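Okay, so chain A shows up in both of these, paired with chain B first and chain C after.
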Partner chain A sequence: MITVNTESFPWEEGLTITRLIKRKRFTFRMLVVKIDGAVVKKPAWPETKIPDGADVQVIHLMSGG
Partner chain B sequence: MKLTEKAFFAHHDRDVLAALRQATVGVAGAGGLGSTVALSLARAGVGRLIIVDFDTVEPSNLNRQQYTTDQVGRPKALALRDNLMAAQPFSRYDAGVERITPNNIERCFGDADLLIEAFDRAEEKAMLIEAWCSLHPDLPIIGASGIAGWGSNESLATRRYGNLWLCGDFESELEEGIAPMAPRVGIVANMQANLAIELLVTSYRNRNNA
Partner chain C sequence: MIRTKVAYDLQAIKAKHELLAEYKYDIKPIDRGYNNRTLHIDVGSRAITEKPVSGEMKRLFTGGKGFGMRLLWDATRPQTKWNDPENEIVFAFGPICGITQYAGTGKTLVVTISPATDIPIDSNVGGYFGPYFKFAGFDALELQGISDREVIIYFDGDKGVIKIFSAPDEEINSHLLAEQLIEMYAKDEQEKKSFCTVSAGEGSDHAYMGCLNFSFYDRRRQLARLKQAGRGGIGSVFRKKKIKAMVIKYTGTTPNNNNVADIETIKAVGAKYHREMYENDDAQCDMRHTGTPHLMEIMCDYDLLPTKNFQFGGDAEQIGKVDSHIWREMFTQGIPDGCWYGCSMACAKVIDNYMLRTGPYKGHVVSVDGPEYETAGASTNMNIYDPHFMAEMNFYCDTYGVDTISFGTTMAFVMECYEAGILNLEITGGYDLSFGRGEESMEMLHQIARGEGFGNLVGKGIRWLKKYFVEHYGADPQFLEDIGMEGKGLECSQYVSKESLAQQGGYFIANKGPQHDEAWLIFMDMVNKQIPTFEDKANALYYFPLWRTWFGLQGLCKLPWNDVEPTNNAETDEPAKVPEHVENYRQLYNAVTGQNISADDIISQSERVFNFQRIFAIRRGYGTREHDRCPYRGMGPVTETEYLSRAERYDKQLVEILGVNPEGKSTAEKMKLLRDYREGQYQKLLDAVYARRGWSRNAVPTVEHLKSIGMDLPELLEVVKANL
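What follows is the complex of A and B.
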């Protein structure tokens, strides 16, 4: 089990950030992803495997400033 | 009568002022958020502000950004420095006219104790947050997400993700018919500035009591 934005989510072997985003149906255009507090840059999402028990934050950013 | 620093900050709490006078804050972007954050932090007494923006002041910026009609056409970072000097002349204001990329973030903001993300486009926000959090996982960055429109004060909030804080409503994307307006952009900018003061003062007190 992992935590995604404070909610529990089932972990599986080989779960990458890209797969998690697809599973969660996150469709936001711009996201920042942190695993256990550390930012993972977007180009690394397809290869980054999420460890069991990880605390994942998927942060949605909107234009305007 | 000559304006003195002592008179300017006469009503400030002494240890809060001491914390802010020795602080350096980076402001990435000098639009509606950045220009407002910078003015508030200057008035609060932050000792040094580093402002970087590649853009120039346009007429359509004047509905919410801290520029005046005679500044149209000037680089925003330089116009903002002038306005900061006019508002509070006792701090150091460094203005950079360039586009911020992952390659120059450290050169621009390497001296900052805290970074304000005040960009317009979500892509740029993500780039800055990713780069800053990778370079400085222990230094705070305060961004904004969801500032457009008007009304619904109660929807505005602050969320924390480790060393990243975001202020806004987290839902109002810029789109046709939902323009950014001075009051709501100003509220979110001042939420960022208010939080920056809190983090700087807390860090100062922790260092001095340790």
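What follows is the complex of A and C.
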């Protein structure tokens, strides 16, 4: 299990950031991703594997409005 | 297809003009973003006067909306109604307005006593009028009085001459009127870019949701484009004054009309921003190709796109018909669509060669300015997922001078009333106004313009209709209060706020009513979970409304702030604030004015005007806690259908938040539990926000707070002391 934006989310072996974003249906493009407080830049998302128990923040920056 | 050109005998139309007043003024250079004078025109008496701008006026109110609010306060009494001669429309521009080196710097702020809300409304609008009027010599324009005949006010900013003409024969609807006037006054095609117009339309003659159109001449299309000051019925006030149009001529635009203190800094900040736009926009919001409708499928994915009068947050089956890919195809590409010089965001997109299907211009081939996201969302709110309807509604709302947001939200309310059996064919004049009925909705819009039929009632807006439906059709007032998505009398803009308590506050605590330009916190709150406590939400509802207010003080567009972001924004401490852009704006202000303000000073500038606007409403008998009411549709499910459509979510919340086992409970029982909880949360939010803002529990700014922000003016203290 991992935490995504303070809520529990099931972890799976090999879960990458790109895969997580797809599973969460986070389709907004202006995202900041942090794993245990460390920013992971967008080019690294497809390769970055999220460890079990990680605290993940997927911060949607404001747009629109 | 070739755009339809309507032929007129312009000489004959012009020959009917009678000169009613003329005024000459000295042309003086702008001094570091300020003219230090404003202009007042009484269209009733035809008196035209200049007023000096004091140092204190600039220190306390900065410019733009701040000047507008101050001048409107001074011109009106607490009892002044929207249609009284003493009500004013104030157009104001702000010190940064008109620079051409940065994006989004051409905004006009327009304020008046609103026919919809009976309190001051403010609306911002692009186009060239604001910069041209400022370059012509004034920091604001007050229009007061009611004319006894249709007039045009003509400003020659090159020569310093103002004329008021009678104008009996010109068109009223804006797309034709703007073309007529520019053809009439420009000596050749080259000169047309130096003219712009302000006008409303026939819808503004009858509705309380009238808007103003500000034109700018698009040389590539050889077309007068229209941008709107949409909210709160300003167009209705304009037409009540019998003003057909304002026309300004200004040929002297240069890179430094503002005579700024430090042009090199402005150039450098602008160049950096333009590079960022060029490099990042395609991968971020794609504003240059799709404009604000890039949000359509995103809002649907996050359950935020209003559908069926805000009952639902989108329709996955239908969204593909109106998503960003559709708009990218329908909008003409390859033309820079900025609504003022220097805007590299260029998001004022256009559908060219659109053939109208309804109404008085059926068969005409036109260019449609838009739709913006809000207009498209107004359509989905009626459950009309049809891009052609959106284009048609957009075009006619604009040319009639009707606000697309208020029209769509009001029609969505009417459709729900129709489906609930409150309305029927007999009442609507034979029109089936069920959700999804596009043709009938267009007919309502045309009826608004003609001032006839059921549509004429629709144009009065939700607050008026609620009372009317109760009195005439025996509607249940509580149901209408629950589903009528208005606050303070203003129809809500197009985001579903049910799952974001902070956005409920952002909408319904907003000074003018539920418009997203004061606060948009849904992602921070609902998705990111960054502001979980009341204190967090109150802090967000302190900072962001003040930050956004600042754009209105300066004559700036909000979009370049956060619809593109620096590549390293994610690594900053507070990415939601876009710190590099805040620094850009701070540098721009200092470089224009020669001052040296900090980022905190930006908030202080806004806080003075923000509190002034709240007290202005209190002065008029509004502005207190009861007027920050949120209809329950904005908080949660009103109907069983709504609850059941998201039953898993709501049942989960009952368990996890309230500790209630939903099993064995009826839907009605679960809805009651959820409602009691959510309404309680909203009241707690009000307490937290008021405290953070230095207001009493009744939303009145305290004397101590006014002293702390330097706004302990006698006229403000008199109002607050009577209400504390």
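Keep in mind that, in the parts below, the second predicted complex is superposed on the first by the 62 of 65 C-alpha atoms of A that agree within 3 Å, B and C clash if a C-alpha of one lies under 4 Å from a C-alpha of the other, contacts with A are read in each partner's own complex, and residues count from 1 in each chain.
Heads up, the rule we're going with is that a residue touches a chain if its C-beta (ideal position, glycine included) is under 8 Å from a C-beta of that chain, and two chains touch if they have at least 3 such contacts.
Everything quoted here is computed from the prediction, not taken from an experiment.
In the superposition on chain A, A:Arg25 contacts chain C only, with no contact to chain B. Residue contacts after overlaying the shared chain place A:Gly14 against neither chain B nor chain C. When the two structures are aligned on the shared chain, A:Leu61 is found in touch with chain B and with chain C. Once the two complexes are overlaid on the shared chain, A:Pro43 sits clear of chain B and of chain C alike.
Legend: residue contacts after superposition of the two complexes on their common chain; A:Thr6 is shown touching chain C, with no touch to chain B. Across the superposed pair, chain B and chain C both touch chain A at residues 29-30, 32, 39, 41, 57, 59-65.
Listed in rising order, the residues of chain B touching chain A in the complex are 29, 31-34, 118-123, 125-126, 129-130, 133-134, 137, 143-148, 161-162, 164, 166, 168, 170-174, 180, 185.
On the chain A side of its complex with chain B, the touching residues are 29-32, 34, 37-39, 41-42, 57, 59-65.
Contact residues on chain C toward chain A in their complex (touch as defined above): 283-285, 292, 295, 297-299, 301-302, 373, 495, 516-517, 519-524, 527-530, 532, 562-563, 565, 569-571, 575-576, 578. Against chain C, in their complex, chain A makes its touches with residues 5-7, 25-30, 32, 39, 41, 57-65.
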